[in-house]
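What follows is a pair of complexes built around subunit A, which joins subunit B in one and subunit C in the other.
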Partner chain A sequence: MNKFLSYVGFIALSLSAQAVKHPGFDVSSIKIPTGQDPQVGGLDIMPNGKIVATFHEGDVRIYDPETKQWSLFASGLHEPLGLVAEDDHTVVIVQRPEITRISDTDGDGVADSYQCLCDDFGMSGNYHEFSFGPARDAEGNFYLSLNVASNGAPIREEIRGEWLELGLAREKFMVDRKEWGAGIKHEAGRMYSRVPYRGWVVKVDAKTGEMTPWASGFRSPNGLGFGPDGELYVSDNQGDWVGTSKLHQVKQGNFYGHPASLPWTEGYEGPDPVKADAKKLDEIRTPAAVWFTQSTMANSPSQPITIPEGFGEFGGQMLIGEMNKARIIRVILEEVNGVTQGACTPLIDGHGLDMGVNRFVFNEKNELIIGHEHLSWPGGEGMAIVSPANNAPYQDVKTINITADGFTVEFLQDVEDTAELAKSTLVRYTFDYHHHYGSAQRERENIGLTFTPVDGSKKKFTVSLDKPHKEDFCYEFNITPSYNPLLCYTVREIPAK
Partner chain B sequence: MRHHLIITTIALACVSLLQAEPKATGRPITIKAVDGLQFDPPQARMKPGQTVLFRFLNRDSNDMPHNLVIIKEGALEEIQKASMQITPEAIARGYVPDHEAVIKGSKLIKADEGDEFYFTAPEEKGVYHYVCTYPGHSSIMYGALYVGKGAPKLHTDKNVPQVVRNQALELENAKKNVARPFMRRYFMTNAGPAAIGVALPGDQNYCWDAGNCRLRYAWTGDFINYGSTSRTNGSQQVSPSGKVYWTGGGDNLTYTISTGDDSLKPDFKGYQLINGTPKYTYHFGELVVTEFPQTQDKALVNTISVQNASAPIKVYAKGNVTSNVGTREGDYIVVNPADAQNIQLTFPAQ
Partner chain C sequence: MSRTLLTLLAVVSSASAAAKKDQPAPQAFETNCKACHLTDRALVGPHFVHIQEHYPLSKRSEFLEWCRNPGKRNPNMPQMPSMAHIPEAELIEIHNYILNTEVKRVKKTSNKDLFPDTKRPRVVRSFWRNTAPTSILIALPTAEKLNVVWDSEACRLRYISQGEADNFPYLRSNGNSESNPGKIIYTENQTFGTDAQPVFKGYRIDKDGFPTFLYTIDGQEITEQISSSGESVVRTFTGTTPAFSVTAADDTSVAVSTTSNTITYSLK
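The block that comes next holds the complex of A and B.
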């Protein structure tokens, strides 16, 4: 085989050896009709079991899993990036300018009513002001996240909504791209929010369309979902003020770290966010429940979703997509001293999956439907299904909990080879909170660890450490018997003894 | 001192990573085998000497095995011939031909499985091919890898199979010549960011702005070519392909309706599709307004209905726009409440 690799002038490097099939889950694809951009911005299952999806070119299409046929339901939308099916004839989608309820009122299978539920937020015309969501709460109300603008481009001459008179003057934005790129862009802030509620999560009443600004401090929150605890979770992407990508548990009134959004807080009297002081902001921000270490775990996490019972043994945990790798990440949360924190570990990693894992929905067979997207960033296209059908036993960490001086870990299968388990390693590090783009791993140190069976169990072990716990550190394990050895636990709180 | 230790640790970690896998110097490239013996995408680009992770996925719903073999420039025909051999040796090699023109071959991959490998592009600029060498596939199943060169538009690219070119041409034409009526919301030139573009029967087109709830401009002829907006981040502003014959002017504080109360702003409520054509609804203070632009006798006619009017209202009608009711006052038509439920503004195309 290696003779293929050695031609003069060509350096073809060796195949990365990886098992293609996942032992516990099958990955297959759903064929998308040709003739359109196959990027999926939103996904849901209708009560009748059909899959409904939004596409990059503004269409909403319905897929019948029985006949494997697609039909066009709605079209003409402006970059729809999320959708919820209210019934078999009605979907609520989020597109750039608004959240819209789209219905087929005459029963011909094609939507005829496009009701603007809410458009009470601003648009500067900057490409980066994506609108994400909706996540629907138990009462049926909707949560959207509104991306901030990027200084990769200025704004447009006409905007929608109020202009924030704080920071770089509006006319300074009215320059051609060359002049903008040559220097003015740096005065705008890496990411900016100059029209209302950019960088916020907002709540929209399902009946009245009334909007409530819910929480601030987001940068590029491409993913909202409710957790097993009934709380709202929102992901955010590494960049300025975001040392590494993360998942937040989101509560009303909280600030989650990116200051561009702050001036839209009622009664705000603070400085231009470009001049914000990290120390002061650190006192008011709510840190993430889970960090996704850049490069190692994820670069651009997307939608979180709660796992139903019957999807492996992971019911009640969460999954989150990743755009830059062919990876789906499992999230294991717990509450410690009233604070939600937890672990993340790859579930599917390659295994025939494409990158750009953007949107999720589970069908009634507990199969995970995936919509891929890239929007010209690293990512993928099309749709896939991850099925637990073969449910073959394999070894992985089922769950992990923090203790006063270590962790407890429970495996899916008995650990027969404890010598192998003893080879596991642990390193911990933290991240800076600052206006720079991303953060290096700080104060990185190796931790010695010892596994001890709990009450003679072969599945459950306590993990004792050779150093005391540290708050606000990411603990990166390499657990050798696991099929996915990489597991990171974000320590915010340490339980009492 | 402590910092040095940390840096050393990180450096060591990096070195061990390097040994594990080659360092990519570009974004990963995903290429899928799809139905109809095709690669998607049929074109890929790399810089000379660049190393990327190639991800090859078999997404052929007809359950056929495929591979992806990258070959030297100009060797397509030879490899197509070489791939027809079905010998025990060829099978053992996953049908990658034992040929000097093969630079890199993936494993033979079953449907819904994949393979990954790092590939370093040749230093020589050129058009290389990636081919499925499973017997019988290579005559139409190949794509073009442009190294250090820009790829031409797909429908003109002689380095991809004819069938791929034809499909691309069809798509290009479909995007240009839309089936009317058709509408699409997108960033549009000379309008606010919540713009709506509509192609009506009779080659009439208009831009309606859902931000300030008014018609912005109208044109005849081709609609908008959205072809260039595929697979982008959506930053582009699109513009009319045909001839603009009416432009409303004004700014983002100019609305269709004016009551003299400058504090009022329209509140967009959405639209109904009537025979595929949108009829817009918005609130303007107490007023409930609908606008329904349609083609009538080769002209664009916007039928405006204002409910709850108790005093005369002004309707924006700049230029040579005519109205079935009211009297002109500058850029506006003044309409009595009794006539406000059926105002027809006609925008004559020259």
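The block that comes next holds the complex of A and C.
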């Protein structure tokens, strides 16, 4: 204990002078122009290598990494929260009311065309109806996610789109805020979707702008990206019906758990989502590929991105941002019995990073560009770069796979001190699926574990457990030799022997 | 043990990033308060100056009571969750820390854009007052600071306002408050004379910064430029419907004149 305390004391002292450097990655910042609210909602790199970003105030700016100069490309947008560069003169952004293609058609460096690509979804005027995305698939088409409304506020008098005539009447949503807060809000459902496709991921054709409702059941899906398997991944935030934050592999037609969005399913004849039965919903929902344990791993995960070869030894894995901590999380996926599931572990944790890790893009040098945001919630501001440094090798879990009765773990470096490795611990727990906000860790129990080298390897070990596997449990490891000892594996499927 | 260490690492490093010169923040502040309370400006919750004014040392017990059983004071801010889980000694430590942190009094920024951009013309989409949530404000380069608010769903002018438009109420509240377009001096009803709904296609911005909106009705393409000429607001159309007409909604100080393809609005 004393040794531990003095270690912390030492770290605290050195940190007060300057943040601890990560052994494998350098964190530095990009200066945002003075006068610009430095909250980044969208980020991409143009074919010419310039960085393009959207900001909270509605601006799109281009940054030249060579000259370190910014220029204003477009402005006047309504809370843009994502962007894709189509070429050196064209970006596609998602803002509250629409997905918009913005182009500089006369080559003067400033946008002159704002084409509404698609606005075929509803707006009640509730502040919580953010629009996120786009993620672009291999064919160039776009995926957006549409946040549900929050009962923290009612709706506005004028709305866009059809009003859902199911449950609490529209007039009840239009009372003044005092009356709303005094009681009506509790009848609305904590999060509500009373105009079309709130709580959905939708697909938009890049040429025609035609919209296809893609998948339902989302709450606050602030992050879309394609995985190494070519599949769409979308994160969602802990809250009602979401026991802990999570990452979904998203397929057309699936329902991912939050019922507010369900009535916009074609031919829906079910109940008012406020009265939804968790047991029935549990039968039709697709569970998450990865859980992010609240407080321990992440409170508000953001954009997932696939890691290119050359970013450490993690090419082909994924990263995801976290708003409430100065943390970037690494996600390691695998397919078991046809189901994608996997692990998450911090990659950068502090190390000079700000909180509010919201948007990612990799440049040609395999550096990760980061846009920070908070939107008045916990988070951060500005932009940063994480570069794979040529520093001393460090120890971490490179990859983990589930086996019929345990796991196999591969480390980045040889594990010389197996006595230290043997001190690793494992606990598992699950989360409730219910209309309440969040979930405690349920059925929490410690699991004994034994590491055995695979074929005499110092890097690769089988991990055997003193209890059989359980499906739908989060396994939280503390792997002692790792620089980032925390690693959680979400078990959905157990492979056969 | 190592998990605790990890948490401590994260906390300590974020503290150093924002380290103030005076005193280190107590651990309980870092864990429970810092994400929402900054020293010098409002974030999720009020800043230190505000708390110092509200809860001086003489109001220690009120501070403790508020932490344990918080209410909602500011309609634009979320209610603080209860801090009843923090032991009293640590709450006192937090209170002392807030009181002893020297903060330069910041100029009040309410009703002012944090980074004002008064350039005219300019086009700003936001939740503007008294119109649809899909509306666009066009601030025009007139001495009288005239603005047009145009609804991208109905594809029509909703009103003309006068004065500096202020988008900060939206920005500081994430859209929970409506932005202020200035004083509304003219409100209009418009009909295309057909049951067909217009379909918004976007807009172009010309070299002078004036927008031309693009939309269709029954497949017919329409363009509508919003600009100013002297102290007048001018809408210039191509390809609109034969039965198109506008009427002022109320008594107004604005005179409206039309030609075959323009509508001009002038202060009387």
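Assume the second predicted complex is superposed on the first by the 477 of 497 C-alpha atoms of A that agree within 3 Å, B and C clash if a C-alpha of one lies under 4 Å from a C-alpha of the other, contacts with A are read in each partner's own complex, and residues count from 1 in each chain.
Going forward, a contact is a pair of C-beta atoms (placed from the backbone, for glycine too) under 8 Å apart; a residue touches a chain by one contact, two chains touch by 3 or more.
Since this is a predicted model, take the numbers as computed values, not measurements.
Undergrad: Label the relationship between subunit B and subunit C on subunit A in the superposed model as either fit or clash.
TA: These partners clash in the superposed model.
Undergrad: Check whether A:Arg444 is in contact with subunit B, with subunit C, with both or with neither, and answer first, second, both or neither.
TA: A:Arg444: touches subunit B, not subunit C.
Undergrad: Could you tell me if A:Gly382 is touching subunit B, subunit C, both of them or neither one (first, second, both, neither)?
TA: A:Gly382: touches subunit B, not subunit C.
Undergrad: Of the partners subunit B and subunit C, which touch A:Arg156 in the superposed model: first, second, both, neither?
TA: both
Undergrad: Considering only touches as defined above, state whether A:Leu164 meets subunit B (first), subunit C (second), both or neither.
TA: Neither partner.
Undergrad: May I ask you to decide whether A:Val60 touches subunit B, subunit C, both, or neither, giving the answer as first, second, both or neither?
TA: neither
Undergrad: Examine A:Val92 and indicate which partner it touches, taking first as subunit B and second as subunit C; both and neither are also allowed.
TA: In the superposition, A:Val92 contacts neither subunit B nor subunit C.
Undergrad: Figure out whether A:Met123 sits in contact with subunit B (first) or subunit C (second), or with both, or with neither.
TA: both
Undergrad: Should A:Ser28 be classified as contacting the first partner (subunit B), the second (subunit C), both, or neither?
TA: In the superposition, A:Ser28 touches subunit B alone.
Undergrad: Counting contacts the way the document defines them, which residues of subunit A are shared by the two interfaces, the one with subunit B and the one with subunit C?
TA: On subunit A, the residues that contact subunit B in one structure and subunit C in the other are 4, 7, 11-12, 15-16, 18, 20, 35, 37, 56-58, 75-79, 95-97, 100-101, 111-116, 119, 123-125, 127, 153, 156, 158-160, 326, 350-352, 354-355, 374-378.
Undergrad: State the interface residues of subunit A toward subunit C in the complex, per the touch definition above.
TA: 4, 7-8, 11-12, 15-20, 35-37, 56-58, 75-79, 95-97, 100-101, 111-116, 119, 123-125, 127, 152-153, 156, 158-160, 177, 181, 296, 324-327, 346, 349-352, 354-355, 374-378, 478, 480, 484-486
Undergrad: In their complex, what parts of subunit C are in touch with subunit A?
TA: 1-3, 5-6, 8-10, 12-17, 19, 24, 35-36, 43-44, 72, 75, 77-78, 114-115, 117, 122-127, 131-134, 136, 152-153, 167, 171-176, 200-206
Undergrad: Help me check something: in the complex, which residues belonging to subunit A touch subunit B?
TA: 1, 4-5, 7, 9-16, 18, 20-21, 26-29, 31, 34-35, 37, 39, 56-58, 75-79, 95-98, 100-101, 111-116, 119, 123-125, 127-128, 153, 156, 158-160, 326, 350-355, 374-378, 380-382, 440-444
Undergrad: Going by the contact rule set out above, which residues of subunit B touch subunit A in the complex?
TA: It comes out as residues 6, 9-10, 21-22, 27-28, 30, 32, 35, 40, 51, 53, 55, 57-59, 61, 70, 93, 96, 100, 102-107, 109, 112-120, 122-124, 167, 170-171, 174, 182-187, 191-194, 196, 210-211, 226, 229-235, 237, 251-252, 268-274, 278.
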